[in-house]
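In the two complexes below, subunit A is the common chain; its partner is subunit B in one and subunit C in the other.
Up next, the complex of A and B:
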């Protein structure tokens, strides 16, 4: 009956035609017309990461149309994409730079959530799902790195999988599973390609949907006041000042996306993705190094015994993922959480120092 | 004023005035209408910027046939006696060479019907397409029977001693 009443108010044309059949209006309203706290400062990091993922889906699909995942043809196909195919260099370089920026903005997003304590009640699950997204994104970087099948790709994967082989107990099995054999070979390339273009995209698509659903259900956190918890006295706070998510917030977000797109084109044009000589399993080049986001682990492995160098990053990631379950402090303002902020600063400095020394030849 | 798109310089001048005066009715260009045009222009430009490299990327690069010009060996008279024929590769494309009573003939081996590769049928003394039973005359390439709409394109052959060549390019 309500439908009958509403159908009288429906717009004409295509929108009305679709709406009469699907009644999507309430769903779209519920998704878009959400008030958000005026004090919320997201810096658009999460949205930018999502935008970069969208760019990866588009450019990655395009690259897959020309790429051949075999040791004989992979290198030549990447070379052909870069030098023969129209705009091939641009698509490939944007894929390369968007991958790097995605890791960067994901890290900034995690940092923002941490500093604003947005992982605390009631958003613990959103943070944990976000931890899964972080791991999958790193998985994308690791598996995608091998695909050009040049010397850098090949040997970085040899070293990377070797490190995975040092994980206590499951290491040797993990190494075999990753490589599809004892060596980095054709089987490894097929596996990494399949994981990169099929397994991880499906996983990340599902987790992104869950992550966004949680964010939508809970709304954005106010960085000044903690959420009232059940069974505890509600902290004193002034009435929430709100602004609409659509169009106010979305418009700002789109402007940020345009800026990122411009940055990507500039980076891809000035610093296009390169290609080293074709992979040679018999010759290890000098100064082989992983991508910048693995440099800290790479450097740590030079300084400490191998097992410790492998366990420490895993333990760190685990602690970060379950942080909301460990940190029971209700406070959200950074100056009232000195221990948490000090630990984070210490970790950042350690990562920066390790990355710096790992990057030096 | 009729709001043509894109607005002329004079129209644009009037527009600014209209905005300043807050005119928004059917007589003025209207701030809302201008914004709508600007938004439409931005959206279309953005789509064009993204779609142009994607379409360019999808258009396949020109491939060489491996035989840009010259002669391609297509067997010998010893292996191809009168009344026989065979399919040979000319670059990346197939050709059929037939030794007929009127000399050595060669045609494109791609059937003009739906692109299947034709073969020599000695019993029928015809070039035959296995897909839909199209028959071609070995002397001219013309269609004898079946659905092919056009004859097989003829290729130039040269016989030197007992060697057969197809001239390309």
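Up next, the complex of A and C:
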């Protein structure tokens, strides 16, 4: 660990100046210099999601400098960002694509954790907090979709909030809370903006900190062997082969981030974020299509009775969030968890089929 | 012995050609003079000097409508159910008639059986209710039916509560249908009940009524597309099929656009008859008001008699979406005979409908052929409109290209909308036949199209810049990754 900041051997210059005053060395050492299992295969999904969130913070802040959250000015301000502001198109397109990739990599991260059974003892709370992060990210997508105030944004929100209004018992109140009135209006836009740029960022910031703290405390799970549980005989396992988190793992992670940044630049340049005609509450488009990650729910609602179509996704999310409390099997290798893996595969196929047919309008 | 046709055919002999050229030059001179003098006094204009007045369509004097019969008087009112009580129980046919009546607007408005059939609806006894002594008249004949309907519907006092017109009766007898009923006692012609129904009369505003605009073409076709029914009259039966394929038919029947005309819009409903040559401009102008005003500024409008009218270029039932192909024949003008446009007898202008039945003949150079003086003006107009349309299309192609690359083209679309407005105005101004007016608008179209195209081209250039910049950024990222990979290898080598 050559890079560790050791007390008594304080470096000179700015680092030494700060260290003499704050004594951050032990904290940084504790944060960075942790060993991780050599067998751990994260595919960098979690880190990439975090990187994309960082991109969203930066691009979102820049967009907020020009965006006006009123029905009269929202569309024009987005048009101006895209057409007039220098590199506004790039910032907006990166924000648009990073949002989509964030959902995608979050899903892949959840899938990786599930397949490697990293949600089991002692990491149940990390998973549950992660469930909260997933919901907040979807909330970002839902609230951000309305902000351009074009036809697609407006009508997708009309339909989306109506679906929320069909939730049993709390539906009507939820609908009113989301819209701030009977219709999607100025009140809806201002509260969606407030939620998107203030409420959700604060929430996600806090939860990310907790999530990372938990990960740091527990270390990465070994996908081959379950963790020994107190009061139970420890399963036989060879000594853990470890590697340093810093700089080995971090270096690989940064390479992955660069790859994602390249993908973002390509997507933003070749497929820049578009803009439909300005929202018109009096003109219903022929086809209203939500973002791809809502298509499965959208299609389900067409196929099953309304209540079932609303309750099923909520129940599914609840089951996923509390999965560690339901799945008490100690095994971590996928071959030894056939029921869990089969259920997950079934769910994935169902989501893929529903998304495919939902997108075919 | 040469026939008139062979004599009139161009190119059969030098003398004929010379004579023809002299005649055409005279016509052109007259047309140019007419164009230069916007409003020549009737009967004294240059046309009357150079071109003999075309024979007007003879107008047969109309037979007056017969006097209106008095409404049938009877005891009881609409609440008297004697008729319906019995007829509902007689058999299925009578029950259906009773049901039809119950569903009708007449039943709702208190018009009962006895109002048309007479008798005593207050009685359940057949010997009383249907006794001739009590005014029972049975089923009215077809010619009686018109009077029967008219006895109420021509009564202003009776119709006032419903705000219905009361001129249908007199209009009907001015129609081809009414006149044949009146003068030839022809009971095969349409009467009120053929269109409005017998017992199940519905308001014209009811979308399920046969007389609702969407249903009118099929209603008229139920007789006029029937070759057996039309055979005695020797009139064509393909109008409905032709109309369905026309721009009017497509708009009304497929697009459900109530602004589009049905048969009744041009022929009239109760006063149905084909519009005459001297009526057609007014008929089309009922909807195409602005176009009519432009046409009335033109030299065409001042040609007396069977001069060029709307239908000469646009047809009638087969009216299509007009475009630049209406100006000139593609691949040269066919060898038209003079009689296409002129009377073989006195060379007067005879642009009658049947001469332009074939849409391929509806071109400016059918009349203003290549040897005519006006041809150069026609060509200039065609080129001006063609150039403006090409400039507009070119702008659209560039805008589409930019949009396909993901560029936001709202501003280019707005500019293109401006160009489109000018192009629409330019195309409409063709009806004035005035090159200066048309050129002014085509120039404006080209200027606005260029503006839109410039915006689109800037977007395309911007998109190109983005792609080139993307390559550079990717190269920088790749370089960074390469450095990191080298670092990683060194790290592993050290470990």
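Just so we're on the same page, the second predicted complex is superposed on the first by the 353 of 361 C-alpha atoms of A that agree within 3 Å, B and C clash if a C-alpha of one lies under 4 Å from a C-alpha of the other, contacts with A are read in each partner's own complex, and residues count from 1 in each chain.
Here, contacts are C-beta pairs under 8 Å (C-beta built on N, C-alpha and C of every residue); 3 or more make two chains touch, one makes a residue touch a chain.
Keep in mind that this is a model prediction, so the values were computed, not measured.
Novice: After the match on subunit A, would you call subunit B and subunit C a fit or a clash?
Specialist: Overlaying the two structures gives subunit B and subunit C room side by side.
Novice: Which partner does A:307 reach: the first (subunit B), the second (subunit C), both, or neither?
Specialist: neither
Novice: Contact-wise, after the overlay, does A:76 reach subunit B, subunit C, both or neither (first, second, both, neither)?
Specialist: In the superposition, A:76 contacts neither subunit B nor subunit C.
Novice: Quick one: subunit B or subunit C, who's touching more of subunit A?
Specialist: C
Novice: Tell me which partner A:247 touches in the superposition: subunit B (first), subunit C (second), both or neither.
Specialist: second
Novice: With both complexes superposed on chain A, which partner does A:65 reach: first (subunit B), second (subunit C), both or neither?
Specialist: A:65: touches subunit B, not subunit C.
Novice: Which partner does A:262 contact after superposing on A: first (subunit B), second (subunit C), both, neither?
Specialist: After superposition on chain A, A:262 lies in contact with subunit C alone.
Novice: State whether A:275 touches subunit B only (first), subunit C only (second), both chains, or neither.
Specialist: second
Novice: Should A:183 be classified as contacting the first partner (subunit B), the second (subunit C), both, or neither?
Specialist: A:183: touches no partner chain.
Novice: Can you work out, in whole Å, how close the C-alpha atoms of subunit B and subunit C get once everything is superposed?
Specialist: 5
Novice: I'd like to check the shared interface: which positions of subunit A are touched by both subunit B and subunit C across the two complexes?
Specialist: Touching subunit B and subunit C on subunit A: residues 90, 258.
Novice: Can you tell me which positions in subunit A touch subunit B when the two form their complex?
Specialist: Interface residues on the subunit A side: 58, 62, 65, 80, 84-88, 90-91, 258.
Novice: Going by the contact rule at the top, pick out the subunit A residues touching subunit C in the complex.
Specialist: 79, 82-83, 89-90, 247-248, 251-252, 254-255, 258-259, 261-262, 265-266, 269-272, 274-275
Novice: If you look only at subunit B, which of its residues touch subunit A in the complex?
Specialist: Touching subunit A from subunit B are residues 46, 53-54, 56-59, 61.
Novice: Which residues of subunit C touch subunit A in the complex?
Specialist: 406-408, 410-411, 466-467, 469-470, 473-474, 477-478, 480-481, 484-485, 487-488, 491-492, 495
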